[in-house]
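You will see subunit A twice below: alongside subunit B first, and alongside subunit C after that.
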Partner chain A sequence: MERLSISKFWRIRKLHYTLAYSKCKKCGYAFYPPKHVCPKCGSSDLEQRTPPREGKLISWTKLYEVPFYFEDQKPIYIGLINLGEVNVMAQIVDVLSEDELREGAEMEMVFRRVKQDGTAGLIYYGMKFRPAHRSGSSKQGQ
Partner chain B sequence: MRVFITGYGLSKISKWFGETLEDLAFKSVKDIENKGGELREIDALIVANSFGGILQSQNLLSSLIAEDIGFSGKLTMTVENGGASGASAVLTASSLVKSGLAKNVLVIGVEKMSDYIGSVFNHSISTFMNAEHEAFYGSTLASGFAILARSYLSKYKYSEEDLGAWPILMHENALDVPHAQLKFKITKEQVNSSDIVSSPLRVLHSPPVSDGSAAVIVSAEDSSIPKEKRLAEIKFGYSSSHLMELSLRENLDEFYALKCVKDALEKGSSIDIKKVDLIEISDDYTISAPIIIEGLGLSDKGSGLRSILDGRYRLGDKPSINVTGGTKSRGHPFGATGVYQVAEVTSLLSDGKAKGARVNGELGLVVSMGGIGTVLSGILLEKV
Partner chain C sequence: MSVLPESKVGIVGWGSYFPIYRLSMEEIEKEWGFPNGTGNGLGMKEKAVAYIDEDATTMGYEAARNAIARSEIDPKKIGAVFFGTESKPYAVKPSATILAEALGITPDTMASDLEFACRAGSEGMRASIGLVSSGMIGYALAVGSDTAQANPGDILEFTASSGASAFVIGPSREAAAVFEASYSYVTDTPDFWRRGLSPYPLHGEAFTGEPAYFDHIINAVKGLLEKTGLRASDFDYAVFHQPNGKFPLKVGERLGFPKDKVIPGLLTPFVGNTYNGSALSGLSNLLDIAKAGSRILLAPFGSGAGSDAYSIIVTDKAEVKRSLAPTVSYYLKRKVNITYSEYAKFRRLIKKIGGD
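Moving on, here comes the complex of A and B:
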C-alpha cells in the first residue's frame, strides 16, 4: 500500500507550489501537467510558465468516496479549472454554498495541506482553489 | 491466420471473501472444461489483472496462477491495462497466435476488489489518474466521471434523473445472467435516492465492488483443437490510449482513444460498426455509456442518453448493448471485465449459456475501457 515518501514529493514540490505548466516553443501549445514532449506537435523544446492565481470553473464534483489519505477531509470538492492557457484538476475548498460552483465561477488559488502520513509524520502541501471575490475574502488566503 | 475462441469459462461475480485470486482463476478454468472446452493443448497463458500488485501485494501473477493450475515451463505473462486489461489480453493472445509463437492461448481475467475497506478501493481506482497530479489531490475514477457527467448533462440539457435510465436497464438485463453480481430490479426512485458517490453520480450509477474471474481460449486455425470446438472468430482487435489527464482533454464528451479503436477496427476488418448486432461496452459510472455509444457512431453527439431514455439498445434491438448487465450489474472486476465481455459475446453468438438466450446476428463487439477513456480496447467477433 502507498505510503507518503519524502523523495516522491520533494521532486515535484515546485510544480505543486506554483502549478507551473509547459508551453511549446514550436507550436505554442500550453499544457498542464508538464510532459517531456508537446502533446500537439511532439517537440521537446518547451518552456516553463507560471499560471495566473485566478481562473474559471469548468466542471466540478463533490466526492464522498475518497481515497484513504483524504478520509479526514471528506467530502471533498474537485474541479476542473481554467487558468488562462491551461486547465488544472484541483481540490476546491471553503465552499459555503454550491451556488458558488456554477460553470464560469471565478476561483482563486490558495496554499493548503493536501495529505499527511500519521505514522511517519510527513505532510504534502499544494495549491487548492476557493471561490474568489467573495465579500470579506482575502486574496492571500490561508 | 484466422483466430478463434474455442472455449470460455465464466464464474459468478460477487464479493468472495473466502477465496484467493488463484481460487477464482481456477473456477473459471474449470468452467471452460464444464462447457466442453479443450485445455490440454494450451501452450501459453496470459493473465489479465489490474490490482493484484496493490490489493493482494502480488506481482508475477501469471506465474503464480500457471503453477497453481499445473501449467509449468510455458510462456506466461500478465497484462495490466486498467479496466481494459481483459480485452487487451485477448488482443495479445490473438497476436501471439498470429505470430506463430503459440497455437492455443489461455486467457484468464481475475480480480479481487473486496479485500479492504472502501477508502482503499477508492485509492485503487485513483491509480488510473496521474498519480503525481490529479490523484495527488484526491481525484478518483468516480470524481473524474462525475466531472464528465456534470459537463455532459449541462451541455446537452439533461437532468440528473435522466442518468437513471441506464442502470435501470442494466439491472433488468442481468436478471437472467447466471454469473452476474447484482440480479435484482431497481426503480427510478431508488436510483435517485441512493447515496451520492461523487455528485451528480450516485451508488446506483456506479459499479459494485466485484471479485471474479473469466477465461477464454484463443486458438489458431491450424491448432490441434478440433474445428467443432470453435465458438467465434476474432475478426480484428485493436487498443489505443490517449491523454490520461482530464485537464489536457479538448472535449469532455468524447474519448479520442475510442475514435482510434473504431477507425482501426473498421479499416482492419472492413466491417462497419453500425452492422454489429451485439455490443458489450464499459459503462463505468453510467456516463460512459452514452459517450461510448456516441463515439461508436450509433447515436449523434449528445443524443446517446436520449436514445437510452427512448428505449434503444435492448435485447432484440440492433445493436443490442450490454444485454448481460454491463459493469453496473454484471459487475466490474476491473482487470477481468474484458475477458467476461469477450466470453459473454462469444456465448451469446454461439450457445447462449451466458444469458439463457442467444442473440440473432453474426457480429459482436467488445469495447473495454481503462481509466476515463484513457485506454480503449476493441475486439470484433463473428459467429462461426
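Moving on, here comes the complex of A and C:
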C-alpha cells in the first residue's frame, strides 16, 4: 500500500475541488496549476481564479498503461480541456461512445474519487470531466 | 389549521443525480438462477449502478451542485449541511465536510452525516426546517445519497442501486415549493440492518413489509392528515419510499391515493431503490414537472424504523428554476447497460490482492 501524503493533498484541496488557477496581475498570463511566481515574467503579484465548470475538448488520448490507482478503470481517457483562460489535463469519464470525444465537444466537471490509500487509508477526491449534452446546465463557477 | 413553523420555510433549490450505468433484471436472474421475471415481479426494469470512482459522497456532491444552482444563492449562505446515507465511504470521518468544502460552503456552517437506513436524508430535511424556521440559520442543505449494498444473490440485489437527491431549504418567499406541515413516526422495529464490519445488510424477509414499511408510512401520513385536517383527495401527488415498484402503489391505495397520483413520482422501476435518494428523488422529479399550486405528499421511510410525512405546495418559482440544472428525466435518459461482471467490478464485489 502506498502512503499518500495527507498534508500535501490537504494544503491544495481547493485546487482539487475547483481547479482554481493563477493569473499574473503584471503580464496577464493565466496558468494551471497555480504557482507562487509567474512562469512568464517572474512576478509574484498573482490572483487565484476559479474557472467555469464547463469547457471545450481540445484533444484526447486513451491509455491502456495506467498508474496503479487507475488499474480497475483501464483503458482510461485523458483529455486536454479549455476552461476559458486556462487549459487543464484530466481524466474523462462516462464516455458512452468515442464519437462524443470530437474536438470542440462540450465537457463538464464532475466530482469523483481520484485515489485511495488502500482499504484503510484516505480517499482523495477531485475533479474529472464528462461529455456534457444538455442545455440549461449551471454555467457558474464557485 | 394553526400556523405551523414549516410554513415559513420551503425548498429554494432541488437537484438529483443518477450514474449512467444500468443493470437489467435479466442479468441478475441469469447470474443467480432466479426464474425469468423475478425482477419484473418486483415492479423493476433496471437499476442504476455507480462507477468505480463514484460513491455516496461524489453523487451527493453532484445532486447538491444542481440544488445550489437552482437556489441561485451564494453557497457561503448555507448554514448547515446534512448528509443522509447508509453507504458512508468512511465509517468515521464526515462526508458532509467534504461536500461543504467542495461546494464552497465551509467554514461558517454546521455539517454532519446522519444515519437512519433510507430515512436519514429526510430527517436532515426536517431538522433543516427547524433550523431555518427558527431563524438560527438562513439556508440549509439536506442530501440523501447511497450506493446501496446487497448480498450478491439476495433478493435485495434486484433493487439496491445508486443515486442522490439534494434540497436547499430556505425562506418560503424564495421557494419553488413551500412546506405546509410535517409529522414523524418512529419505533424500534428491526426489519433491516447492517452490523459494524458486515459488508452487506440483512433483512427480516416478509417482516420488512407490514410491521415496518406499511405501519410506519401509514401512521406518519395519518398523523399529518390529523394535524392539518387535510384529506388524501386534497393532494395532487403522493411520493412514498420506493424499495421496489409495488409497495408505493399498495401503500398509496391503502391511504386513498390512486395510482395516477403515485406513478409520476415513482422512479424505482427505472433506477432501483436509491435508499436515501429514493423518495427524495421522487419529490425532485415532481418539482421538475408539477404545476404551481400542486400539493404533494412526501413520505420517506427508513428501516429500524420510521417515516416522515410532509405536505408541500409547489409555487410559481419552480418553473423558472427548472432550467437552471439538469432534470431527473435527463439522468434517466442518459444511460448505458452493463453486464453482471461489469457491475461486480464497478461495485467492488470482486476482491483482488493489492486492490482496494
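Please note the rule applied: the second predicted complex is superposed on the first by the 129 of 142 C-alpha atoms of A that agree within 3 Å, B and C clash if a C-alpha of one lies under 4 Å from a C-alpha of the other, contacts with A are read in each partner's own complex, and residues count from 1 in each chain.
Please note the rule applied: a residue touches a chain if its C-beta (ideal position, glycine included) is under 8 Å from a C-beta of that chain, and two chains touch if they have at least 3 such contacts.
Because the structure is a prediction, the values reported are computed rather than measured.
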item: Which of subunit B and subunit C A:Val114 touches, first, second, both or neither; value: both
item: Subunit C versus subunit B, contacts on subunit A by residue; value: B
item: Contacts of A:Ile6 with subunit B and subunit C, given as first, second, both or neither; value: neither
item: First, second, both or neither for A:Val93, with subunit B first and subunit C second; value: second
item: Which superposed partner A:Asp72 touches (first subunit B, second subunit C, both, neither); value: second
item: Partner chain in contact with A:Ser59 - subunit B first, subunit C second, else both or neither; value: first
item: Touching partner for A:Ile123 - first (subunit B), second (subunit C), both, neither; value: second
item: Intersection of subunit A interface sets (partners subunit B, subunit C); value: 69, 71, 73, 114, 128
item: List of subunit C residues in touch with subunit A within their complex; value: 20, 51-55, 57-58, 61-62, 65-66, 69, 75, 89-90, 98, 101-104, 322-326, 330, 334, 336, 345, 355-356
item: Footprint of subunit A on subunit B - complex, ascending; value: 54, 118-120, 122-123, 126, 130, 132-140, 142-143, 146-148, 150-151, 154, 195-201, 243, 245-248, 252
item: Touching residues on subunit A, where the partner in the complex is subunit B; value: 1-2, 8, 12, 15-16, 31-33, 39, 58-71, 73, 76, 78-80, 86-91, 103, 114-115, 124, 126, 128
item: Subunit C-facing residues of subunit A, complex; value: 13-14, 17-18, 69, 71-73, 93-94, 96, 110-114, 116, 118-119, 123, 125, 128, 133-138, 140, 142
